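Okay, so chain A shows up in both of these, paired with chain B first and chain C after.
For the complex of A and B:
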């Protein structure tokens, strides 16, 4: 019913062109499926929840000019001023800006004076307002109290007695799920730090770090030559507050350099390389599919022109228009099918290389199948218009000599 | 003859506008995409120190935790990338290297008395004076600080050209004073524009960021209690006996980058012996408990070790080349269709005496015309692509997302190569056809 035998013999006469189309589809499937796997991996990683109210937070870094500067006093005055501004939900001080790509990490131990068996955690030195400022969700225990807050000089070493950790870090340290009230230690020190609270999530400084989300908070202000604030505003007020803040901070104390950024900007710039990968690969995939489709259109039109006389004869001998269209569509399916089978093999081989040489994600069969089906549909769609045109070739063509 | 073939080719292209446009577009898009990515990879693979590759070495010492090797996300050679301050200070005393640099990144607030310029933070490099001669930094005005400033606190500064323009309107500012963190510093010199990318001398943070705006001597650490603004990595808690900043300087934290210039193999051997001796001596004092290991790495290898060209960039490079390959296969199919359609013309030419080679060459020239046109449009696509990348990268790689003349020529070359490759089979095929068939039917 599909006239397979004459079709195959016709294809055999045009074997080079048919092979070229199949080869294009094979290469396209190999590229597109691997690219999709990478894009999906990056999108998932970028879409990971940060645990914070990223869109409404402003991050401020300031550096005083004078050498002997009352950092603790300045921080207190700035925070009081910012918290009293209308439209500001809360403000807190921090040693690093979350999701910015710069931060501090340390090893934590379950036993005092331990040397081995450590857990790495990203840590922040902040104040009791950090939960409200970041919009974190305290799921167990309590927040720091004001009298647990300590101020130390930049060269002093000090280990506080209380910490708050993320759920992820709590589970890593105490897999039984009973982290609250337990103690952690810094290496070769015996000061216990009690876990007094657990927040649901905080992605930390480096979203692409293998341990991203392992975060520990200390109620501590270390006086250094620069400090950072986070300010959370009412939804929709961020940009207005942003403009006011620079002037207000400079007005309160002009002897310093102040730099403001939004947290969403910081997050976007941390994701830059993933974003480039996603955009460039998507562009390559789209263009590739488009080029292949155009190639199929061009070649099918050419074949049909070449065989116009034969089509006319078939029509004169009683073939319906549908027969003619179907002929070209089935022929195209045969070529596309061959190409896609080759492409599947190619995709799997390339993926092996991608995983072993370039540490890229494994290609799942679902992605491969979806890409193959989509490409098959594209090739059919590309052949459709020329096939319809072929059906319109008049039987009278049979009587003319070209 | 070639002129005639080119005019034939142009006529033939105009004869089949849609098919020709499709082919030119395919080549242009393929060349555009691959040149966008290849330009990025090419710029990322530059080595500003290539001419000194056989004399410069980045120094690493394995002073890390006896319980586990240094590890930065699986990168590198399991040794810390930087040295501790005390090791850097000790190595600086050697006179084996012709030049040696101990340095790190920092930031100062800059203010200028009686000036309109508002206080700002300047990217700073704290370094020994050999930095300028080792990395071929061009001087514009004045000079570098004297040797004593590398070990004792002398408040002197070297500015870069842009900062000198911002502060002093570009005039010779040697001897003038700027305030850094509120303290007066005398300008010793101004460097000319100098911005190697990737920043091979310090790849720790963004290897494509600009080089620093101000440079201050290495002897100022204690006076200003300078901590690194780059990476500081530690594995144990500092000795509680030594308090304060001195404790940081004596700690096992690594934060100093160290480079040496060793003129020949004998010097290199001597320096290796020195490092071995130094580590053994430190071992006796209870430090360096890991197996004896150090690294002397040339700039070209240092760039590879630091993975300046990411796996991601390589993947994009291969993806774009594969894309170009599909475009070429596509062009083969379309050229074949086009040439076969014009087979009767070729038949007439054969019958009139043209030999197979002439037909073959005529068609190859036609396909390289497609290549040249595709290449020119491809350059435009690549420029568009690069500006897209610049936008996506939010200013992080502005310096490298641009095309130089070499890459433009490469783009045309790639396009012609691609189209010749595409034209080879169709041109051969058409030159083999038997003219008699076409003569009969006409």
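For the complex of A and C:
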């Protein structure tokens, strides 16, 4: 019914044009499927829950001007002042602002003085108010107590005895699910750190990091040349509190440079490069698909013009209009099918290289199949209009001497 | 078998209307071998196109095998062409990308025959034209005479009741032309009705009846008699 054998032998005699279109489709599938995998990875990364009340948090960075500044005293005074402000839920000190793209990471071990078998995690030095300030969900254990909080100088080294970790990090360290009460070790130090609490989620400093979500919290304030606060407000109060904070912090201590921004701004700026990549790759995919569709339309029209007499002959011999349209659509499907089979192999090879050389996401077979089906549909749609035009060629073309 | 009454065919552009056939009437009986002659531009090809359902007339009545053609859909006309009419063209009109077997297979596929039946018909028709050994050859690998025999085999494979030949020997030398003509006569002896358009008066004389078309109308004494007979009926 579909004349596959004669169609294939006719295609074989015009193989250069057919192969060019098939290769174009193959290349498009290889690029589009890998680009889709990257786009999906970025979109998933951007949509990943932070675990924090991002919309109601203000991040503050300050740097005192005097060299002999009483950092610990200033932090205490600032936090007391901010926590007493109407509309403020809580405030906390931290060494880094979450989801800002800036942070610290370290290796943690299950045994003292271990050199291998480490777990990498993003860590924060904070205080007992951090859970409430960030709106984290403590799912096991307890929060830090005030007497577990330590203040050290910027040149001192100190390993605390308690930590709180995220569920993800707990599961990575103790897959049996019994992390609470267990001990971890920091680098070459042999001080055990007991896991006293587990929070459901905290995305950490780098949302695009492969280990984003592996986070450890220490109850520690290291005096240094600058400090950061996080302030959580009642819903709808953020912008008003933001303005007040600027004035009140400056008023309380004018001898410092203060910078305020919202955590949602921070998160958005962290995702800028992901957003750009998603837009650029989407544009490239659309353009490539459009070019392929144009190529198919062009080739089909060229073949139809070249074979107008042949179409007339077929019509004269009894082909209906539907037979002619179907002939070109099936012929196009054979070319597209060949291209997509080649493209599937190409996509997997390219993906292996991208995974090993550029740490790009693994291409799932679902994405590959969806891209192949979409491209097949595009190629059929592109061939449809020329194929319908071919069906309108008159059977009287058979008796014309052109 | 074929009956045309007052057939008209005109082609119209924005400024000019050309009458290719005017009040054209003709009757061809089953089993007849009719030759059609006439000067260039007289309307021979238009007549052939209408007779072969390749074009629709502007007016008039056309009955083929007792069926009025005027009301048929494009799909029904295609089916009728496929089942009842065999075509032999001046330029052979074989599909260059297909070998002889596949060329003959084209109308049989549209007919919906199964593989076994198609193969039987193709092999039989190739045998009838003496080209069984060339089934896998491409048209370009054959001489003009052989290509025309393939075209005849393609027409024969459908076992049509009506064969339309448009200058079937026009591109052949005299020896090959004679062979093709003998083949057509042989086919006619089996009972197939043949209408052959030709410029060659010698070939035209070999038909049982000759129709001459001039200025889109039949110009022939015997045809006039036929018309009178139609009028009487």
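In this section, the second predicted complex is superposed on the first by the 259 of 402 C-alpha atoms of A that agree within 3 Å, B and C clash if a C-alpha of one lies under 4 Å from a C-alpha of the other, contacts with A are read in each partner's own complex, and residues count from 1 in each chain.
Note that contacts are C-beta pairs under 8 Å (C-beta built on N, C-alpha and C of every residue); 3 or more make two chains touch, one makes a residue touch a chain.
Keep in mind it's a predicted model, so treat the numbers as computed, not measured.
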| item | value |
| --- | --- |
| First, second, both or neither for A:321, with chain B first and chain C second | second |
| First (chain B), second (chain C), both or neither touched by A:6 | second |
| Most chain A residues touched (candidates chain B, chain C) | B |
| Touched partner set for A:381, first chain B, second chain C, both or neither | neither |
| Touched partner set for A:66, first chain B, second chain C, both or neither | first |
| Which superposed partner A:27 touches (first chain B, second chain C, both, neither) | first |
| Partner chain in contact with A:275 - chain B first, chain C second, else both or neither | first |
| Touching partner for A:186 - first (chain B), second (chain C), both, neither | first |
| Chain B versus chain C as contact partner of A:395, first or second or both or neither | second |
| On chain A, the residue positions that both chain B and chain C contact, one per complex | 401 |
| Touch list for chain C against partner chain A, complex | 45, 48-49, 52-55, 74-75, 78-79, 81-83, 87, 89-91, 93, 95-99, 102, 105-107, 109-111, 154, 158, 166 |
| In the complex, chain A residues that touch chain C | 1, 3, 5-6, 9-10, 13-14, 309-310, 313-323, 394-396, 398-399, 401 |
| Residue ranges of chain B touching chain A (in the complex, touch as defined) | 18-19, 22, 25-26, 29-30, 33, 36-37, 67, 73, 107, 109, 111, 119-121, 179, 181-183, 225, 227, 235-238, 240, 243-245, 247-248, 310-312, 314-316, 319-320, 322-323, 325-327, 329-330, 332-334, 336-337, 340-341, 388-389, 392-394, 396, 425, 429, 441 |
| Residues of chain A that touch chain B when the two form their complex | 16-17, 20-21, 23-24, 27-28, 30-31, 34-35, 38, 63-67, 107, 115-116, 154-157, 186-189, 209-210, 224-226, 255-257, 259, 268-269, 272-273, 275-277, 279-281, 283-284, 287-288, 291-292, 294-295, 298-299, 302, 305-306, 354, 357-360, 401-402 |
